[in-house]
Amino acid sequence: MSSDVSLKILSKSVGSTVLVRLRNGKVLRGLLKGYDQHMNIVLEDTDELVDENTHNKLGTIVVRGDSIVMISPP
Amino acid sequence: MSSDVSLKILSKSVGSTVLVRLRNGKVLRGLLKGYDQHMNIVLEDTDELVDENTHNKLGTIVVRGDSIVMISPP
Amino acid sequence: MSSDVSLKILSKSVGSTVLVRLRNGKVLRGLLKGYDQHMNIVLEDTDELVDENTHNKLGTIVVRGDSIVMISPP
Amino acid sequence: MSSDVSLKILSKSVGSTVLVRLRNGKVLRGLLKGYDQHMNIVLEDTDELVDENTHNKLGTIVVRGDSIVMISPP
Amino acid sequence: MSSDVSLKILSKSVGSTVLVRLRNGKVLRGLLKGYDQHMNIVLEDTDELVDENTHNKLGTIVVRGDSIVMISPP
Amino acid sequence: MSSDVSLKILSKSVGSTVLVRLRNGKVLRGLLKGYDQHMNIVLEDTDELVDENTHNKLGTIVVRGDSIVMISPP
Amino acid sequence: MSSDVSLKILSKSVGSTVLVRLRNGKVLRGLLKGYDQHMNIVLEDTDELVDENTHNKLGTIVVRGDSIVMISPP
């Protein structure tokens, strides 16, 4: 049964750095602390990747699942 | 079990100043008074951060969860 | 328990003047007559704040909750 | 209890002329014939208010609630 | 009780020509064959009204309710 | 009872070529293999109709119902 | 019964390379590892197809179903 593979991937990624692409075009990189069934996630030590040389430090954040396009585990 | 880490983060942030980024691009900073399961939040002493030197005072506000992209605890 | 603080704030604001920011960028000011669990609200003596000197009189209105970004109690 | 004041306002407005503002920016004026819990409404003798001097006659229409920003009772 | 007047209007319009305005700005005219509780509708002999002199023939179509702004019965 | 006429039309169209208009403005033509209650559909031998002379071959595709504006049976 | 043909297609595509078109206009190609009932999917060895000669390597990703327009099985 492959149907909850997405939550399994998130579960295995807790404690690792993930890349998150948002609907508003922004890209975040941070340590995945947790998630819920709406794909709301908590990231720590988060950087917003503005361009190759510019990162905005966002620290710990809660990101709403419905703002997320995709999440790349490490 | 990591699945309600987002509400736990919000719960721990009640009484602290948080940064809230909205879908319409605006950024708010205020004291988190409470939240609900839709991530509707109540902020006190809220500033809308227009640019580095300009803040609009909004006082106490209720923000709809579906307008929120992310919340940064302190 | 802080989880229904947003409805409590609205409840306490019934009978007072509130400021409502909409998704379409418009700002309303009116007397809050009531609300429901979808955050649909009823305002009386409503002004649409076009700019500092221009207000459109809208009278009594029902505003759909999903059009609302935030509500500022008085 | 103020929580279903919005449906009460609509209920009292049945048979009266209301103004309806839509998400697409259009404004309708018509006689409210009815509504349901999704705020879908039926209007009769509806005019679309293009500008102060131009009205498009739309007759009887069913308007989906999720297209509506606000409704002004008479 | 006025609360399902919108479905009643649709019910009475089955077999008649209706005008349908879509979220994407397009306007359809066709014979209403049926509808469901999501306001999904089936039209026959449908014309897309491009301008006063130009109609695209679409024949029989299923239109998703969440694409519809309003429906004008005949 | 006319209320599930839309699924009936889809049901009768399985095995036939249908035209599908998407929210993003694109138009697909393909053989309808199936559908579900969300109006997710499966098309085979799908062409994306770019203009009158240009078709992109997409083969078999699953299209999400909430991306669809309308479906024209043959 | 044709009603869950879309999940059946996805089920048969697990382990194969699929093409995914997103709402934001982007196109992904990757090995389908799994999916769930929201059409959230997990892809491995994912490339974002920027143009015919440029591919961004995204590795393993979780894509939210509501960001997806269509999925092409191999």
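In this document, chain identifiers A, B, C, D, E, F and G correspond to the written order of the chains, with residue numbering beginning at 1 in each.
The criterion applied here is as follows: contacts are C-beta pairs under 8 Å (C-beta built on N, C-alpha and C of every residue); 3 or more make two chains touch, one makes a residue touch a chain.
In this text the structure is predicted, and so the values were computed from the model without any measurement.
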| note | Expressed as a multiple of 5 degrees between 0 and 180, the CA superposition of chain B onto chain G rotates by 105
| remark: Distance in whole angstrom between the CA centres of chain B and chain D is 33
| What is the distance in Å between the mean C-alpha positions of chain C and chain D? | 18
| remark: Note: chain G sits from chain D at a C-alpha centroid distance in Å of 42
| note | Multi-partner residues in chain D (2 or more other chains touched) are 66
| Since the chains close into one ring, what order do they take if you set off from chain C toward chain D? | C, D, E, F, G, A, B
| field | Parts of chain B lying in touch with chain A, wherever the complex brings them together | value | 2-10, 23, 25, 39, 65-66, 68-73
| note | Per the touch rule above, chain F residues touching chain G in the complex are 11, 14, 22, 24, 33-37, 40-42, 58-64, 66-67
